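Both complexes below contain subunit A, partnered by subunit B and then by subunit C.
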Partner chain A sequence: MTLSLGLGTRKYGPFLLSLVVLAAIWEIVGRTANILTLPPLSSVLVAFGKLWSSGAVTAPLFDSTMALLTGLAISLTLGSAIGIGMGMSRVIDVAIGPYVKAGLSAPLIAFVPVFLMIFGIGSETRIATVVAFSIFIVATNAATAMRTIDDRLLEMGRSFGASRWAIFRDIRLPAGAPYFVAGLRLGVARGVKGLINGEVLIAIIGLGGLVKKYGTVFSMDQLYAVILLIVLYASVAVGGVTLLSNLLVKDKANTA
Partner chain B sequence: MSGKADAAISIRSVSKYYVSGNGKKTKALDSVDLTVNRGEFVSIIGPSGCGKTTMLKMVGGILGWDHGEVEVLGKAVEGPGPERATVFQSFALLPWMTVIDNVSFGLKVRGVAKPERYNIARGLLKSVGLGDFEHAYPRQLSGGMQQRVGLARALAVSPQVLLMDEPFSAIDAQTRLILQTDLLDIWSKTDLSVLFITHAMDEAVFLSDKVVIMGARPGHVTEVIDVDLPRPRNEATRRDSRFVELTGRVWDRLRGMITDPNADVAA
Partner chain C sequence: MVAARPARPRAPRWRLESMADRRLGRLAIRIAALVLFIGIWQAAGDDSINLLFPTFTRTVSVWWDLVESGVLPITLLITNQTLFVGFLIVLVLGIPIGIFTARIKLMDKIVSPYLTFLVAIPMIAIIPVIQALLGLTFAARVTVVVLFAIPYVVINTAVAVRRVDPVLTEMAFSFGASRLMTLRDVVLPAAVPGMMAGIRIALGQALIGMVVAELTIVGAGIGSLIADLQGRFRVAPVLAVACSIVIEGIILMSLVEWIERRLGRWSKQ
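And now, the complex of A and B:
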């Protein structure tokens, strides 16, 4: 017990310390400087509490989460299929690989207005944004999963007369599991980023909509409260997936 | 043309070309003849790149050839088949599967139900001395133990022909000697025909009924040495003067090829 506490302190101690220092500076500067754009931390936290208890964030939080999950589900299925195709077929790789590479580094936020025109102000636009932000990294990792397979294992499978499907299911997929999971984790991080970016741009829906709403009326403590919520939201989403994936590939990660 | 009825493996006038990416053709095998009779243990030995693995893959049905015939148990090879199984130099175990699942792999592929394939796998794990390790993962085992799993996996599909490509070359010298005797023990209780590739001359002589010596550029058979050492073979065999003599003979043939790569072509 004391040992684990001690280890915990060593691991998170410096972070907790910096957090306290930062919070203190924020509070002091906020109180003394008295500038509109920087309310003291305490009033932000009060606003956060009110925001939470008033239920003002429940609906946006739910909407955003649904859009995120739907978008991620699409990215995972479609992106994995594309990536597996790229990884296994040279023709497919040459045909669509360049788009995936471009999509990986392009400033995809520029597409949000286009999505808005196509899908209108609804969850479809947000879903499309999540997909655009996450699908390319999922595909890239799926392709890597297929390419890094040890040929000797495939040969073993063939020598036992395994069908192409059996080799895919029993060798290729499990061997690539760590890459698929990495793709999922990065996909979630990017998807959350895309979601919030899109919402801020669209300006009237979800968590991003709240940012716009409070921002335009200079309701600074509420604005910071929402930002705080978004940061927490993203951390929980990514942290949750990391935790989940660690559990999933516990045995598979330390294989090679 | 058809091989002798009692041949387990019959390779006749087989030639093989590899075509590389830039379209360049290299001849890997040149009119190779080789016969493994039923129940026989035959080793192939030869310099690196002489086409040993190429030949084994052809017999295994995972690689085609350009001229000649390859038959297993009197039937032309058209692909992998249930009467053949391979043991690999790299072990080729699936690291995410437990030992028993690895041993069952070939049976699973053939659609054998889980209880039955576990039953068979357990029996084989016992016979290779790994009865207590069915739930271990390959990475928890030593190299020698991993190859025992590889051997059990091959035997699990009840093959009649066992193909082994340098199965012990990644294993330390002492463990290797133990594995050799254990392999002979297992083999002597079956009617398996074995084609065994190795670079170790003592290993070839100790295990085999026949040692096939191959030369390179392009791969071809130079000589077949009959090993008339009595069976069962054991540690005493290794000190037998006939064993020493035969090993020396294999070395004489190989040494010439290594010091002068063209020597055997002229011979």
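And now, the complex of A and C:
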């Protein structure tokens, strides 16, 4: 116990120290310089506490989470289907592979204004942004999951007369599980970014809407409080799914 | 009576599947997919009102109007200045920070957690702060591009430098090479592939940053063009502008990938 604690301080000590120093500098500069753009840390934390307890963030938080989950559900089903198709059939891979690869790296955020005009300022725009950010990474990982399979296993399955479906379910899926899980994790990480990006650009709804609301009236301590909330939100989402994926993959490894 | 059929040695192969093995076949498949894609777009579009999703042909003709009038080239040029300056700063600052992070332990312990954190959070949330600090200026947009992209260059450079085979550096030391010489002649060439991977990812992020900066900290670039068209409820030109940016992004990413492959070959020699 003491040993691990000692290792922890040695590993994270300098970082924690720098964090404390930064917080102290923020507080001191914020108090003494009295700049509009940098309220002292303490007043940001107070604003955060007020925001949280007043319930002003409950509705946007719920709202954003629903949009995120809907978008992720679409990305996971559609993206996995596309990726499985690409991994199983060379023709599908050749036909749509270039689009998936382009979608993975192209700045699809440029389509947000188009979504905004077609879908309006409702949830659909956010959901579309979440899907655009996450679907291609899910598809790419699903395709890799299908391809990583050992050919000898496939050959054995076929020689024992297993049907295509049986081979898919009993050989390909378990073997590709780690890649599916990685796709899920990366998809969530990108999806959260898509959600907040979409909301800030729509500028009215959800957590991103709060950023715009406090940003435009220069209500800085509340703005920083919302940014803090978004950072926490992203960390919890990404951290949660990382934890979940670790559990899932370990589970698979144990049963295999 | 049904005779027992001998089990086929292999599952029957699709005839179509064998097409994917030939160059000409692949080309045919790609063209067919493109035609299908454009056909679906054309069928899904509706040109009766400006507010609906436009057809492919209308988008292309609107795009050509924007190009011919010179509006799109000029705004794209202005927007790309942000990307160019921002990405230059990312490279000039990011690579040295990455090298220092890898070589100096204390720096690594302090900087690395912040970087992991910066990668995980949606950077767009701090744009109002940048805007309040720097105003609606070129500098503000460049800052956004830098913040979006720099963590990826630093992290990947640090990882690449750290992964250089210690046998190589030890050999260099034992032949009397100085720290600087080892870094320049041994470590950096070996780290180039990893660094390039980081630069490629960072370019993708910088492109996102460029668009975000244009749309939120509106200047004379495509941001104002889109805002203007949006105000007049013209979906087709907005879609045309968006497609231009996406295609530009794809071209730039392919370019960097090509450089990455060339440098990868050079690094192995």
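In this text, the second predicted complex is superposed on the first by the 235 of 256 C-alpha atoms of A that agree within 3 Å, B and C clash if a C-alpha of one lies under 4 Å from a C-alpha of the other, contacts with A are read in each partner's own complex, and residues count from 1 in each chain.
Assume a residue touches a chain if its C-beta (ideal position, glycine included) is under 8 Å from a C-beta of that chain, and two chains touch if they have at least 3 such contacts.
Since the structure is predicted, the reported quantities are computational estimates derived from the model, not experimental observations.
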*asked:* Tell me the contact category for A:V91 with respect to subunit B and subunit C: first, second, both or neither.
replied: second
*Looking at the overlay, does A:A110 come into contact with subunit B only (first), subunit C only (second), both, or neither?*
second
*State whether A:R158 touches subunit B only (first), subunit C only (second), both chains, or neither.*
both
_Which partner chains sit in contact with A:K193 here, subunit B, subunit C, both or neither? Use first/second/both/neither._
second
*If you stack the two complexes on chain A, which partner ends up touching A:K212: first (subunit B), second (subunit C), both, or neither?*
second
_Touching partner for A:A166 - first (subunit B), second (subunit C), both, neither_ = first
_subunit A residues touched by each partner, larger count belonging to subunit B or subunit C_ = C
_Let me check the overlay on chain A: which residues of subunit A are in contact with subunit B and also with subunit C?_
158, 161
*In their complex, what parts of subunit A are in touch with subunit B?*
152-153, 155-163, 166, 170-171, 174-175, 177, 251-252, 254-256
*Would you mind writing out the residues of subunit A in touch with subunit C in their complex?*
11-15, 18, 36-37, 89-91, 93-96, 98-99, 102, 105-114, 116-118, 158, 161, 164, 189, 192-193, 195-197, 200-201, 208, 211-212, 214-216, 218, 220, 223-224, 226-227, 230-231, 234-235, 238
*subunit C - residues contacting subunit A, complex*: 7, 10-11, 14, 16-17, 19-21, 26, 29-30, 32-33, 37, 51-53, 106, 109-110, 112-114, 117, 120-122, 124-129, 131-133, 200, 204, 207-208, 210-212, 215-216, 226, 230, 233, 235, 238-239, 241-242, 245-247, 249-250, 253
_subunit B residues touching subunit A - in the complex, by the definition given at the top_ = 57, 60-62, 79-82, 84-86, 88, 90, 92, 94-96, 105-106, 108-110, 137, 139, 157
